[in-house]
Amino acid sequence: MLKKPNDESRTEQVVLETISGRKEGPALFAEILAPPMNLLGPELVRDLVSLIQQAEANDTVQVLVFKSADPDYFIAHVDVTRISEYREAAAQLAGEPSLAMLFRRLSTSRLVTIAQIEGRVRGAGSEFVLACDMRFAARESAIFSQLEAAFGLIQGAGAIRHLTRLMGRGRALEVLLSAEDYNAELAERYGWINRALPAAVLGNFVKSLAHRIASFPAAGRALIKERVNGIGLAPAEDFRSDSDLFLECARTPESQGRTRTAMNRGFQTRNAEMDLDCMLGELVEQ
Amino acid sequence: MLKKPNDESRTEQVVLETISGRKEGPALFAEILAPPMNLLGPELVRDLVSLIQQAEANDTVQVLVFKSADPDYFIAHVDVTRISEYREAAAQLAGEPSLAMLFRRLSTSRLVTIAQIEGRVRGAGSEFVLACDMRFAARESAIFSQLEAAFGLIQGAGAIRHLTRLMGRGRALEVLLSAEDYNAELAERYGWINRALPAAVLGNFVKSLAHRIASFPAAGRALIKERVNGIGLAPAEDFRSDSDLFLECARTPESQGRTRTAMNRGFQTRNAEMDLDCMLGELVEQ
Amino acid sequence: MLKKPNDESRTEQVVLETISGRKEGPALFAEILAPPMNLLGPELVRDLVSLIQQAEANDTVQVLVFKSADPDYFIAHVDVTRISEYREAAAQLAGEPSLAMLFRRLSTSRLVTIAQIEGRVRGAGSEFVLACDMRFAARESAIFSQLEAAFGLIQGAGAIRHLTRLMGRGRALEVLLSAEDYNAELAERYGWINRALPAAVLGNFVKSLAHRIASFPAAGRALIKERVNGIGLAPAEDFRSDSDLFLECARTPESQGRTRTAMNRGFQTRNAEMDLDCMLGELVEQ
């Protein structure tokens, strides 16, 4: 809940189970902490919905920054054991049970959104930051991956739409088909993120950018974002169709077998996913 | 006026108030000098129109190179005190009072155009170089900015159309919403320009490229450019609509207040704009 | 012909006049050798068609890697003296006499294709690697060029379609109009290729990537590729139209004159094309 400011300070707090927000003037800094590894399950989706709704309803909020309180994980990926639950949670804002539609909704928000990325951001976590308006990552720690292909899945929440536009057909096919980990430097070179910055300067850089943008008139900003979206954001039906197809793929025996194998090897546990790259390369169903 | 060549030389001259051109065989090298800071006002727009018309009318000109005689400013930005005047000047070639349509007209010219950029190029100056076919910049001195958002304006002369296609949604939103200065190295990384080169080699590089391209058959060149434009150049109605919207924004009290504040702090003076970045970050109307 | 595996080994061989292939599990590694310089003539096109047909017909092949056995030439460019012959050879798979349509057909193959590039790849050679799903090049030796403009030709086999999308209008116009040689580092910066890697690691990198991708379920992979193609691969009519126009250009006296001049100076000979850049810059018809 967004608390009213007192007289001495313009700082306000948002306190949710998996996200806490601190408002500094027109910029709201949201920190994700969903132990043990920031999995995107129904709780985190519910809190994202709540945060976005509160921030949009507050006329004094102009810019929304997302970061993680877990140095190793920004957002791990979806909780594959609770797909229908997190989809239902997404429906509260998206109007339909689909992460893709929730993320696209975020891309069209009147708020300017910035992802400040440290640690791992894979699968739908990457799709979440792709839905943000800008992405800056810590050179030393940020790791990116679209891991769906390893499970016989397609990227259902926008990665295909965004990455093909951001990095072109060749690099997008590499990223989407390889399920490899990419470090921040390579993610920058490929256009996955705006810039990789040293961790020591990242926070101040984003804070300063957020305040600068928030200081400019809202009307012009909205017109610019609307027009850029008109060119660079895929139509809703493309997101919806990817979302449906993801669900279909997830129901196939091949995909379910691979998921079981992965779970048996530690998938969705904090330690095993520190170095997920190797596990995914050896995921042949047994 | 394009003087006739004498027998000893193939060099011809174009002498206009704010642009002087030197023809070397099939390449015309135009140098902008509109003291005190190469503002894009009615005189410079009129001379750009005249230069383009003369160059296009001369069958022996194949490539047109733009550079600046002012080491600190390529084109500062539009003269915000003379918007209707420079728009009328643009109409002489564009057929309608719009910089966007003039610049788009340049992008479809039979001439191959190259911008050789040293110094600052902001706002519509950046949109002018984006309308050129290629952009090469001095690593040490070139500075790029789309400053419109700081004034509650949208980019009205093509930046939204070009930058979203060149650098993707995330980087385009950053550039268009932040009104920050970008150096040549970062502009290259973002795809704003073709390449950043050391100032010491830039001139010879562009000259050699211009002559090489001009030596190839015109017919094939025109077909290639037409096809690339069919993919990478936005439709005229998009440029026109941005142009109209820029004008609407410029008439709002909020934008006019910000412009007054900026003028009071030295906006549109040579010295104050050497480091414009800071001023724009503190432009809250008082 | 794809030989049946024996019991001891999963390795199979493809032996064609200009291409030899070695199958390692689900990945087929094809090596081009068409002396003296890997010109794209009717023999090589015929063998490409045959290789693709055999690989697609073999359900155990998932990924197809192309490399060259000639360290200096990956694919030089088309044999300009045998245009109608290689077009007829392309028709065997494309259904119409057009390299563009053959290459586009390859881009839509169920196989994932990777180009491992050492040496020169110019003209339609570049268009072939652009049709592959991914491109990795040796930092020390790979050289890229679209040389058509020097002959008054347009790029007829997809370069206009791919490069404008991969690198944007400005860089695409530079590459397509300049007919310059680009090294691997610059090709990477421009987005022409996925990555430039040291020659010493390139082979193992590609091999490992090929096996990783091939180990993932085919169904999801096909859906991803289909969707990326829906965004990043131009419609067939655009390829066809470029192909027709290339042929028209090639019949003009100006283009034929330039080709004659080039042939007189060693064009289509191994030594002269080691440094083709200079020759093309001085190709004024005499």
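As written, the chains take the letters A, B and C, and residue 1 is the first residue of each chain.
Methods note: contacts are C-beta pairs under 8 Å (C-beta built on N, C-alpha and C of every residue); 3 or more make two chains touch, one makes a residue touch a chain.
Note that the coordinates shown come from a computational prediction; the quantities given were computed from them, not determined experimentally.
Enquirer: On the document's contact criterion, could you list the chains that touch chain B and likewise touch chain C?
Expert: Of all the chains present, those in contact with both chain B and chain C are A.
Enquirer: Check the residue numbers that chain A and chain B use where they touch, and answer same if over half are used by both copies, otherwise different.
Expert: different
Enquirer: Rounded to a multiple of 5, how large is the rotation, in degrees, that superposes the C-alpha trace of chain A on chain C?
Expert: When the C-alpha atoms are superposed, chain A turns by 120 degrees onto chain C.
Enquirer: Just give me the whole-number Å value for how far the CA centre of chain A lies from that of chain B.
Expert: 36
Enquirer: Among all residues of chain A, which ones touch two or more of the remaining chains?
Expert: Those would be 165, 167.
Enquirer: What part of chain A is in contact with chain B in the complex they form?
Expert: 112, 130, 132-135, 162, 165-167, 188, 191, 193-194, 209, 212-213, 215-217, 219-221, 223-225, 227-229, 231-233
Enquirer: Help me check something: in the complex, which residues belonging to chain A touch chain C?
Expert: Listed in rising order, the residues are 148-155, 160-161, 164-165, 167-174, 176-180, 189, 234, 242, 245, 249, 252, 254-255, 258, 281, 283-284.
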